[in-house]
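Listed below are the structures to be examined.
After this come two complexes, each holding chain A, first together with chain B and then together with chain C.
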Partner chain A sequence: MGNNQTTLAQNFKKAMGGKSIYIIAIIFCVVLAFATPLFATQQNIINIMLQMTIVGIAALGQTYVIITGGIDLSVGAMITFAGCVSIDLLLRYGMWVAIVGTLALGILFGFINGFIVAKARIEPFITTMAMSMIIKSIMLVYTDGYPRYVREGVTEANPNFGDDFLQIGGGKVFGGLPVPFLILVIAAVVLGILLSKTRFGRYVYAVGGNKETARLSGINVPWTQIRVYIICGLTAALAGVVYAARIGTAQTTMGDGYELKAVASVAIGGTPLAGGRGSIDKTIVGALIYTVIANGLNLLGVSSYYQDLATGIIILVAVIINERSLRKQ
Partner chain B sequence: MPEIVLKLEKICKSYLGNMVLKDINLELQKGKIRALLGQNGAGKSTMMKIVSGSETADSGKIILNGKELKKLTPMEANKEGIGIVHQEFAQCLDLTVAQNIFLGKEPLTGAKMVDRKKINEMAKELLLELKIDLDPEATLRNLTVAQQQMVEIAKGVQSNPSILILDEPTAALTLQEVQNLFEFLRHLKARGVSIIYITHRLQEIEQIVDEVTVLRDGSLIGTKNIEDTSMEEIISMMVGKSSSEQFPKREQRDFGEEVLHVENVGLDDRLTNVDISIKQGEIVGLAGLAGCGQKELAEVLYGIRKPTSGTITFAGKKLEANVRRAVENGMGYISESRKKDGLFLMHSIKNNSSIADLKQFERGGLISQRRERRSVKEVVDSIRLKYTSLDMEAQYLSGGNQQKVVIAKWLCKQSQLLIINEPTRGIDVGAKFDIYSLIHDLARQGVAILVISSDFNELLGICDRLYVIRDGRITAEMNNDEITEEMLMLTATREA
Partner chain C sequence: MKKTIILVLAVVMCVGLALAGCAPANEPAAEEPAAEEPAAEEPAAEEPAAEEPAAEESAADEPAAGGGGYKLGVVNVNAVYPYYQATLSGMEEQAAKENVELIILDSQGDVGTQMSNVENLILQEVDLILLINVGETDGGQCVETANAAGIPIFALSRECKGSQEPTASIVTDYTVADGFAYDMAEQLGGEGKICEVQGVLGVSNVTLRHEALEKVLAENPGLELLDSQPGDFDPATAQAVAADMISKYPDMDAFYVHDDDSSMGVIQAVKDADKQDSIKIFSTGGDPSAMAAIQAGDLTSTWAILTGWEGAQSVHSAVAYLDGKDITKFIVTPSLRVDASNVEDYPGDYCWYTTEWEQFPLID
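Moving on to the complex of A and B:
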């Protein structure tokens, strides 16, 4: 009997090896569903989808960077810049220019980050922290500190100005699925396939696993690094556009703190900051857990003074459990 | 009766079931200089680490001045008067010369702070005595390797040891520095200090040494007075009888066209006028003592370093210094440190093996898992890799199987030339044979192979042809049938 039980438990552990983060996510949801009747309602589930969108998108690019053993602390600044620029471009040139132009800007910032990290070989932490300051400052000079509003473009001749753009953040498709969440899903699928099924994806893991081996195996290490920062800049810009479209405005602090929220999502998902391992699906689960914690604490009416305390503890516990299950493998 | 200061009785040591020292008995007299000789892996360094307390023997006794030392730690060994100069120095590069010499034994002021003035004075005095021209306040990072070596020596003698162990102290030194060191050693000897001197440079020992002890494969082969022996005898003691069963039988093969042609290649002062050539299916050895430029040559060939002169032609194309180009053209490099730069330890056997040529598995931009698995499985089965699953992480494999995974990487790429540096370092004896047969198999399939090794027995066991490299120059080229290991050793050690 006892023997049987252990093998059963072992088999279960083996099957779930490295996947314990999914179990943690499910446990969280079940506990909250019992703790408050407000949790498992359709409205709240849509809320969670919306809440996890911005951090989720930003965390996708961050995952790539972290797997190469880097980190991008300029994500928050890039989100803010992208939000402001997208509305400016929208007011002048319309939605498509706003989207394409902003994403191009994200690519440019990402390229600069990657170029400095790969070619000047400056620590990613320092590089992107400095870039974060630079981007923030340029943004303050550029906006002069004033917020932007999508509806500024409304005139008598064009009373519906900005409706198309606001759909990106507030629209619904397929009978209720929020558009931003759909964007997150599409971005996650595309970036997930790129990471797990292509040569470039393998190189990302290789660079994070062992730079020297990667180089001697004929991999272009600097170019791989530059590309992951470009992807991170791109997802940060996309997050900024979606964010601006959701709230219809952009101001100079909107992206503050998102760099660490993105890192937290990646880490909760079980991707080690040392690089070489990790995946997009784990990051999505990480972002979900991060969002569900905040959402649940709100629903339970926990004072905002205590919320970060609870979040911090829950993150630590989740990461510890995940680490242990990995080590047991 | 001469006074015995150090006595080793039946010292045994094994790592992971691998016996590296077997029943070592040794007696060292006061005021004598003893050379400890042997090939790489013979157990010299391990033996000295045991004596100096940084390793513990599995069994046996260390008796110092009639007293048995038990559970020796480096600190205690030092207190008992055993000083050691390690081969790989453990130094704090950002501290000064004086701080390094007196690390852990700093003179203190009344307020228990390090007495900076005193430490510098003491270091100055010591350096003067050693005839080392160095500023005690210089930071170690700014010194040359030779200067760092001298600091290490100063550190070893700083505590006035009664027994001083030097592990290859002259590898990085110039001739003049070696002479200064020898003069100082003679001076120590006159003061009654006993010295154990490990070296690969046989020509040095006649100048300075009184007795010679030879180790081979973890056993002590014998001890001789330097007057009663000859270089030939010492070498044959080091080499031992060649055991044919160590290596797969070499067979006569026909070689194909020339794959690699190196002409007049130079690299600063590390390589001079190197000419070598390798044909398809040929196994060529590069024999030399440690630090004679073989690693540099490998790195130049592979494009890691840019040669300062000369040309490298590979498969009919002139190569620039570019690793990616070298890999694309079909060159593969297996370095001597597979964990550091040969493997992705946390990644699977499959991902390690396929990484150098993922293009062949791509269909419509995506990697076909099916093709990749099939291909990798074929390759790793052909080299008799032991594994339970292709998804097993490389870190959980044994040294020999890890080496096979690195080889698999270049087989998946279908490389035409493999440069293998120390093919069997850190691999146990049984698995060595497997690696050797694998190298033969590859050659039979037409792969050209350049083997670099400091184990001459190994080179003679597997190579068709050999180059001898000394101080960055190719000093001899010979066919395997024409030479013995003794001759090879003589050629590699002889002053040019």
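Moving on to the complex of A and C:
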């Protein structure tokens, strides 16, 4: 009997090896479900799906960058820029130009970031921080400091202007699944497969593990770095489009702080800032935990004065548990 | 041993959540309003801009039954700004009087969080939402979401532009920005060289204050705008910006500063340049620190906004609406000039925290 128990425990540990972040997420949800009856309701689950979308999408690209040992601090500025540009293009040319044009700009900014980091060998922290300032300035010039909102385009002839664009942020499909969450899932699946099942994905891990070894192995390190920053720019732009569609407006401070929220989600998911390991699925769980904390504290009626304190402690404990588990593995 | 540590950490995490759940709900107790009675004489300012009640508009669609006992959801723009804390204090004071429960959530200045907060309040089945909007174009979707859920929503502090109107608005819109700018022009006698220290570029109240200044400049050819730079609502940034302006324009006459926090930095820059006698500083807000600066002779005037009154009015209007009464659907929060001539009438945090103004009674 004792041996059976030991075997069962060992099998469980083996099965859950490196997956403690999932257990932590489950513990959070179970505790909150008992703490407040509102937490496990269908409406709140939909709310959580919606609320994790922006950070989740932004964190996908950030995961790639961090695995290579870099960091992208221009994500917040890019989200803002994408939000403002997408609504501006929507008002001028319609939805598809808005989406494609904005994503193209995200790719461009990502390429510039990657090119400077890889070719000029400037620290990612400095490069992307400077790029963040540049993007913010371009945006202020572009918008003249004025917010843009989707319903500006409503006229008597076109009273439903923007409805299609707003569906990206607020629509539902398949009997209630929020469209932005579906976008997050699709992006996560695509980027997850790219990272875990392709040669490029292996290059990303190799560059993060040791650049010199990667180079000696024949990997084109600069091009790999450029591509991960392009992915990060693309996901930041996508997050900005979804964000603008969710709130129906864009103003010049809307993305402030999202770069750190994205980094936090990646870190909670167990990706070390030194790079070399990490995965998309764990980043999604990290974004989920980040969102569930805020959602749960609100539902519990915790004062906003205490919320950051509670959030900080919970994140630290979660990361410590996860990190210890990974080291043990 | 490691298992034990992990177990302990897991327990700590759960206890942390549990403790968080036990933490005081909503905001800490409001500061007590100043005890002094409002001054009997009229302040040296224009009349408040509150509109007359719109009698023709009936506000009651499907109010909850019974008077009092309502649950109001409050979405605060950012808990770090004392100005909005004063609004919340006014709400809490009035809520205690009218037997109303408040659930206060903080958007931390983030539009996405604001939207999430509205969703969370709908989930909690509040009777009405009081939204202190991040920016005047940022609440449109919140209004649509609340309307779709059948929950009335009031816009506070700034308007909500969008395809649907909020149920009511109690705001410090362009009339307050105009009041501030025209008052400065009046005090300068329509002549002078001005430097503007703005807040955060792109934020709607900053845009309104700048537009008000442009309007005043167009109407007063004797006034000249020398320079305009963002101070980011931050005293240190404002001090640096103001110091540069003083160096660049030594013959300037006045600073037009977008908030009282920034004014503290501007005051320091003026003192450092030893220009207290030649440069006037006009500010807006009604911050207790501004009152002290006026008393000390460092600040020429502040255009005080009665933010505590706004909070009290919002709860008063909300209860009336839920009781099925007709309410005034658009109210502009009163504001007034405080300078050396009347600062003694409005000491300390009086302008922000006092909700019982003789000259500005709550509007039905």
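Keep this in mind: the second predicted complex is superposed on the first by the 318 of 329 C-alpha atoms of A that agree within 3 Å, B and C clash if a C-alpha of one lies under 4 Å from a C-alpha of the other, contacts with A are read in each partner's own complex, and residues count from 1 in each chain.
Assume contacts are C-beta pairs under 8 Å (C-beta built on N, C-alpha and C of every residue); 3 or more make two chains touch, one makes a residue touch a chain.
All values reported here derive from a predicted model rather than from experimental measurement.
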| item | value |
| --- | --- |
| Superposition on chain A - do chain B and chain C clash or fit | fit |
| First (chain B), second (chain C), both or neither touched by A:Leu73 | neither |
| Touching partner for A:Thr143 - first (chain B), second (chain C), both, neither | second |
| Chain B versus chain C as contact partner of A:Leu90, first or second or both or neither | neither |
| Chain B versus chain C as contact partner of A:Ile320, first or second or both or neither | second |
| More chain A residues in contact - chain B or chain C | C |
| Which superposed partner A:Gln43 touches (first chain B, second chain C, both, neither) | second |
| Touching partner for A:Ala188 - first (chain B), second (chain C), both, neither | neither |
| Computed vertex angle (chain A) for partners chain B and chain C, CA, steps of 10° | 130 |
| Per-pair minimum CA distance [chain C against chain B, superposed on A] in Å | 21 |
| Residues on chain A lying within both footprints (that of chain B and that of chain C) | none |
| Of all residues in chain A, those that touch chain B in their complex | 193, 197-199, 202, 205-206, 209-210, 212-220, 276-277 |
| Chain B to chain A touching residues, read off their complex | 302, 304, 323-324, 326-328, 333, 335, 340-347, 351, 354-356, 358-359, 362, 365-367, 409 |
| Parts of chain A lying in touch with chain C, wherever the complex brings them together | 24, 27-28, 31-32, 35-36, 38, 41, 43-44, 47, 50-51, 54, 140, 143, 145-151, 154, 166, 169-170, 243, 246-249, 251-254, 256-257, 294-307, 310, 313-314, 317-318, 320-321, 324-325, 328 |
| Residues of chain C that touch chain A when the two form their complex | 2, 5-6, 9-10, 12-14, 16-21, 23-28, 76, 79, 103-106, 108-117, 119-120, 122-124, 134-138, 140-142, 144-145, 161-163, 200-204, 206-207 |
